[in-house]
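This is the structure, below, for whatever I ask next.
Per-chain numbering from 1; labels A, B, C, D, E and F assigned in written order.
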Amino acid sequence: MTKRLDTGKEWFNKVYGEGKADGLVEMQAGLAQDLARYGIEFNFGDIYSRPGLTLAQRELLSLASLVTIGGLEPQLQGHTRGAINAGCSPTEILETVIHTGFPQALNAIRVVTDALIAYGQEIPPALGPDED
Amino acid sequence: MTKRLDTGKEWFNKVYGEGKADGLVEMQAGLAQDLARYGIEFNFGDIYSRPGLTLAQRELLSLASLVTIGGLEPQLQGHTRGAINAGCSPTEILETVIHTGFPQALNAIRVVTDALIAYGQEIPPALGPDED
Amino acid sequence: MTKRLDTGKEWFNKVYGEGKADGLVEMQAGLAQDLARYGIEFNFGDIYSRPGLTLAQRELLSLASLVTIGGLEPQLQGHTRGAINAGCSPTEILETVIHTGFPQALNAIRVVTDALIAYGQEIPPALGPDED
Amino acid sequence: MTKRLDTGKEWFNKVYGEGKADGLVEMQAGLAQDLARYGIEFNFGDIYSRPGLTLAQRELLSLASLVTIGGLEPQLQGHTRGAINAGCSPTEILETVIHTGFPQALNAIRVVTDALIAYGQEIPPALGPDED
Amino acid sequence: MTKRLDTGKEWFNKVYGEGKADGLVEMQAGLAQDLARYGIEFNFGDIYSRPGLTLAQRELLSLASLVTIGGLEPQLQGHTRGAINAGCSPTEILETVIHTGFPQALNAIRVVTDALIAYGQEIPPALGPDED
Amino acid sequence: MTKRLDTGKEWFNKVYGEGKADGLVEMQAGLAQDLARYGIEFNFGDIYSRPGLTLAQRELLSLASLVTIGGLEPQLQGHTRGAINAGCSPTEILETVIHTGFPQALNAIRVVTDALIAYGQEIPPALGPDED
């Protein structure tokens, strides 16, 4: 096993939970396992392991990028859990989705809220409108 | 309640049907309700309420933008109903999808056709190819 | 010349001005002329010539789709002129951009406003914020 | 029937299998059949029938474009089958998805692998990491 | 002036520098000023002013979203400056672009690096490859 | 220097010309050089070097993906040259752009045609419309 794959699995598992990197590769059949491995080696072994941003910062950036692209619900659920594992609060996670904007955000926030509830998090109350 | 939220609910309900604005907010949990409220205040209270375009024009523009983005099926269904409520004909709605183009249009037109049928609309016949 | 190309040139020229369809093809070199011709045959000969929507409606839909995609400034300028030629008011054109949303709209509205000024149109005043 | 529709059906059926072009049109209701017909006339009658690229090359390009757009799973499944019908190997098809990149590729490769298995193809083994 | 516009200008100016909110509106002609105003009222008066994320966090999220969309160079330059004004380090800003990924990132990082240099920032050295 | 970087430079230079990989890194300042290096290591060292597709196939796929994304003119010019260097004919390159579709294709085909002319290629003539 290469050092990058090793480092990548370590960071992937910090985000998704113990043993999940091996699970991602095994979920794919044959040649497609190479793509899963690249995701671990490059996105996690090369990028997530860099200094300069905390893991919590990286998880919020990944959520912002996923909301902007739209769709990609499995990744959105995974990184919601990853953000919790990295120490982000539910408020930070939901504010990240609100910050990133329409119209993708309204679909994304349902996925993220459901994922937070599934991970046993309490959903912070709405701020409601300012009186003006 | 702010004047913008009030105006937004009025326009939202003109599009989606009586009581739907409150339903949108209640469908979300906690903090996510703020995002639903912004959708109503900004998209409907600020934008839909502007003069210069009719509600029917705005609904066709929203459909064109949704088809272009792709995905976003719940919004596509909602604005199909909204376009009917705003007085657009099934022909105008389907022609808007045809106008907006490939490859998203071919997936979108199924969603829109199914939504029109669900709302009790008769689907206009195909024009068929020109003889040439 | 095929009937579709003939019909397409007629509708293209209604949008962009007399003689512009031939100009579009001549602007391209060699094989790329086929792509320009397809644009005329398909987008204008097949789609724009359909009944069910007016030319003015189609121009606003094209603008909404272009703002949503982002970039594509030459097409945005062309369809701003096309919308004027189809009888849309500057207010309808600018409201279409405002309706279609952030962040692309803020870049697009500069292109559209500049194009309107270049075509000798007077820019309608801002509505300004509601007092509340 | 026009010559373009005739040519389009011939190429569409080479890609998707005998009789599928008529099936695509019949799957749509009323006016939406025109959009399906345009897909056959333009994409297959005009574009796929052009010389200069083999059908196998065109299928890989369509897959690359679909992976880049993201979503569009029905088209991704259809063109996976089309690529097999055009003589592409499972390796070429899966490498096309791997080549086209993250983050859409990881979702796309599941759809493509499942489609290959459904079409009775053997999935080539992963290359695995280089020892370094 | 509404309270939201007032709050929006305050936050906009924290990001872009004193007096810039009024400048954004004045840069637009007539009706387009309303769109600039909405950008200030909604994005800054409603969203940026929310608790739950620091201004520095919000600036990195805006950069991640802009890199993901691609193009939008004026906004990318503006939020690079905004991130500096919010107290982000050049390393955090550049790592945000690197985190957000290919192929848009390679174009974006030139815009961001040039903007950092223009704002008098020292560019941190590359980490270089791991020895392995 | 790592083996992946070494392999990546070799493939990058096969595409863009001798010495260009080092040039790409040197064009960037400081930290941004890491992103350029990742592009070489991952896109070329990991992906382009894989068996299963020829370099000529990979260049056409890269062009299809770039046309689909839109914008990204520097990459479009670079891969036009790369496709020529990999042995693709001008016809294959231009047909790839035509295959990939509207409205991005019409902007892209100008960039690609200009790049082909700049690289001393003769532009094949248009096929013109079928008589029907």
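One rule holds in what follows: a residue touches a chain if its C-beta (ideal position, glycine included) is under 8 Å from a C-beta of that chain, and two chains touch if they have at least 3 such contacts.
These numbers come from a predicted model, not from an experiment.
Visitor: Check every other chain and keep only those touching both chain B and chain F; list them.
Guide: A, C, D, E
Visitor: Just to confirm, which listed pair, C-D, C-F or C-E, duplicates the contacts seen in B-E for more than half of them?
Guide: Having compared contact pairs by residue number, the answer is C-D.
Visitor: Since chain A and chain E are copies that touch, just let me know if over half of their interface numbering is common to both, same, or not, different.
Guide: Counting which numbers both chains contribute, over half are shared, so the two copies meet through the same residues.
Visitor: Rounding to the nearest 5 degrees, give the angle of the rotation that lays the CA atoms of chain C over those of chain E.
Guide: Rounded to the nearest 5 degrees, it is 120.
Visitor: Using CA atom averages as chain centres, what separation in Å is found between chain E and chain F?
Guide: 31
Visitor: Just the number, please: Cα centre separation of chain D and chain E in whole Å.
Guide: Roughly 40 Å, centre to centre.
Visitor: Which whole number of Å gives the spacing of the CA centres of chain B and chain C?
Guide: Roughly 22 Å, centre to centre.
Visitor: Where in chain B do residues touch two or more of the other chains?
Guide: Touching at least two other chains: 2, 34, 38, 41-42, 47, 50, 69-71, 91, 94-95, 98, 101-103, 127, 130, 132.
Visitor: Provide the residue numbers of chain B that touch chain D in the complex, in ascending order.
Guide: Spelled out, the residues of chain B in touch with chain D are 70-71, 90-91, 94-95, 97-98, 102-107, 109-110, 112-113, 117, 123-132.
Visitor: Per the contact definition, I'd like the list of chain E residues that touch chain B in the complex.
Guide: Chain E residues touching chain B: 34, 38, 41-42, 46-47, 50.
Visitor: Note which residues of chain E are touching chain C in the complex, please.
Guide: 1-2, 5, 28-39, 41-43, 66, 69-72, 74-75
Visitor: Of all residues in chain F, which touch chain D in the complex?
Guide: 2-4, 47, 50-53, 57-58, 60-62, 64-65, 67-69, 91-92, 94-96, 98-101, 127, 130, 132
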